[in-house]
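Handing you a structure now.
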Amino acid sequence: MATAPSLPSRLDFLKDYVLKTYSMKPNRIIIEVDSKYVHKVFELFKERLGFPNFYISTIAGTDFPKENTIRVDYYVVVLPEEQTIVIRTYLPRDEPKIASIIDIVPGALAGECETYDLLGVYFEGNRFLKRAFFVPTDVVEKGIFPLRKDSKV
Amino acid sequence: MTVTKIVEIPLVLEIPIGPQHPALHEPLLLKVYADGEEVVRVDINTGYNHRGVEKLCEKNTFYRDIFIAGRVCGICNTVHANCFVRALERILDLEPSPRAKYLRVLAMELERIHSHMLINAVMAEILGFDTLFMLIMRDREMVMKAKEILTGNRVLADYMIVSGVRRDIDETKRDRLLSILDKVEKRIKYYRKLFEEDATINLRLRDVGVIKDVDASRYALVGPPARGSGIKIDARASDKYDAYDEIPFNVIVRKEGDSWARMMVRWDEALESVSMSRYVLEHLPRDSNAVPDERRLPRRFPPGETFTRAEAPRGELTYYVLSDGKPKPYRVKIRTPSFNNIINGGFAYIGYTIADLPAILVSYDPCISCMERAIVIDLRNNKKMYVSLKDLVVGGRK
Amino acid sequence: MKPSLIKEVLRNLFSKPATIQYPREQTIIEPDFRGRHYADLMKCIGCSLCSIECPANAIKMVKIPEEYPAPKKNPRKIYPVIDYFKCVYCYRCVAVCPTRAYIVTNNYRLASFKRSTSEKLSLETLKKAG
Amino acid sequence: MERVKIIRLSPWLVHFNTGACNGCDIEVLAALTPLYDPERFGIKLAPSIRHGDILVVTGAVTKKAGERLKRLYEQMPEPKFVVAVGACACSGGVFAGSYSVLNGADNVIPVDVYIPGCPPRPEAILDGIIMLLEKLKSGKIVEAKAQRG
């Protein structure tokens, strides 16, 4: 994490929402955003870039019990140069809730369902969320999210 | 006797599409709602193949994870291992030797050829073209032999290791690989022509499952489904990992967006892969050692995070690895191409007939199987049937 | 009938069948195919590195039985037993072994009715020497 | 138990994937293609589980698929035999110990022949099936089945 990289000029519209930017090897730009504005950020993506100029590659959640947060990363690939942008946000671990973006980008469905099932991040407004999307039912019945660090599975 | 309870059920028609079938891979349940012949809604049930790989990776050490990553998917195993190994190399700040980079590309391109041949063979079988299936499978054995010569196993190569590959090739092996490539190229050209001209294939695949470019990016489709719709996504061309910056190749893009275009993209890519493999074999750097001594590899992993992309036969594969300095990774996030293509791709079935459904599913190159467990529920023109619970129970016992 | 079709038919009529008459006729396996492997106990020093590195936990370190003479350089008198049912034949153990003690073969005919391990094969390397 | 002896002349296979990585599946598929051609032994892929004599299980048997596997086994007509293909189906392989895996097919249904390897070569798969057929000829496996009940 050396010097903070500058945003590509095409993504200038994001600058009101950026908390900070830094880079991840190999040349991915991480943009930290408050969880309230994630929905807004993707609305802007759709408005300014428009389809088919970007797609959501994946949503990755990571659990940090020490800091009592769950980090959610949205990996967005901007076409045609295929630059990977990471929209990073932090949620409280006790009540991880974030607005769903499937109304803007339906391609986020797979990632949101997976993150909910494995990590327990609730995406508000996504009516397809369900447990046992992947996880076997006996784990679900115990109310365990397997990718949380304190879960014993 | 009074009827106490009424259960409202639609007229349910359960038809397993396709027989039980070794050609398709992981189990998946597609719930298809059909109005007459027309598909109106598709629900996708997953989880039959969830093995908890991400948790397993957190429980094992980095080096053991290389082999677990290869076993996420058997067909694209070298790409999985390569993507993970490159992530580790970014964390360790290591660079493999040029010869190792070329050999990695060779292994991945051979895999792409066999994967594309396999899925085209499966498509031929789905269309009822069994002879073509058998012929393609016969010729695919040559590619498997090439993989065996290169990596030491037919399917699971276990070829990648941090800062290199696990075995090298000599001159005799190189010549054998080249002669296999010549034979394979001839056959692939023949099959490509066949897919282009054959009347049955054209009738079954043209204008079936059309995906517009806007939809492809909205639903985050990757790989041949995206490239068949005119969206140029190829991690090989953009990320230029390993030796892809030195090897000339074209990214195949087609505009049609139908099932046929997706299959043609695969044939063209297979031809492209053949020429890339030949380029690798002819321009293999001789000056450096490709095989590192696995006993002397670094044991300590510094903290750091990285996100690597690779172009698997089915599309963009991504690995996110977070290390906190311990011998085990803190988080490994794997996103396979089929995960996006299958779960998000349900929209493409809508409006086509039930008979087109297998063709569309296979044209996605599913890393999932079990058409045999796709259930068709017929909501024929809103016709409702009321049955008392008692009748239902009696009916079930008969 | 198209002329190209006739050509295809004739070629296939006179060509050899693709089928290999396995098991009457053996297929050609590469000499370096990753098949069954076992530890050479004359070289093994009982360091259990292979057991630690095995991705499938297929290798168990076991005491060398009393009736076999344990080599001097193996102070703990233990040797690796590979469970062939668990083994994924990645040859990580072969590569990490500090004394290159593993004997590799291209034997792939491993089907069996009950659990098989490398115990007997490994102990035979001792018997021959002793 | 005469039926057992007849089955060995033309056993029909049913292949079921219980959460494999596809490696074994494509090798089972390769074993059925022209290069190896098991129809020489009368081995044929059955369209449905109810026609099958030998169930070929691949994969690490996830908990969700395990229920299906048990149900499939119960639906098979007697006499029935099970072949576990691959390290995963034999013992769980690299996935042993994961929270959603049952560590091998023999924890769910009785297995007659194990074919280890990751994945086993098509020749090895044929080998295993021929071993089973040979054993059927000698009648030993029938006794074993009867004892197991």
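Per-chain residue numbering starts at 1, and chain names A, B, C and D are given in the order in which the chains are listed.
Please note the rule applied: a contact is a pair of C-beta atoms (placed from the backbone, for glycine too) under 8 Å apart; a residue touches a chain by one contact, two chains touch by 3 or more.
If you're wondering where the values come from, they're calculated on a predicted model, not measured in any experiment.
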Pair joined by more contacting C-beta pairs (C-D or A-D): C-D
Length of the line joining the C-alpha centres of chain A and chain B, rounded to whole Å: 24
Distance between chain centroids, defined by C-alpha means - chain A, chain D (Å): 42
Contacts with 2+ other chains: residues of chain A: 134-136, 146, 153
Junction residues of chain D - those touching two or more other chains: 34-35, 62, 64, 93-94, 97, 99-100, 118, 121
Multi-partner residues of chain B (each touching 2 or more other chains): 47, 50, 52, 55, 67-68, 71, 138, 156
Every chain pair in contact, whichever chains are involved: A-B, A-D, B-C, B-D, C-D
Chain B residues touching chain D - in the complex, by the definition given at the top: 19-23, 25-27, 47-53, 55-56, 59, 67-68, 71-75, 77, 118, 134, 137-138, 140-141, 144, 154-156, 367, 369-370
In the complex with chain A, residue positions of chain B that touch it: 46-47, 50, 52, 54-55, 90-91, 213-214, 216-222, 231-235, 237-239, 304-309, 316, 318, 320, 322, 330-331, 333, 335, 339-340, 343-344, 347
Complex interface listing, chain C residues touching chain D: 17-23, 27, 29, 55-57, 83-90, 108-116
Footprint of chain B on chain D - complex, ascending: 14-30, 32-35, 45-49, 59-60, 62, 64-65, 68, 93-95, 97-101, 118-119, 121
Footprint of chain C on chain B - complex, ascending: 60-61, 63-68, 70-71, 138, 148-149, 152-153, 156, 158, 161, 166-167, 294-295
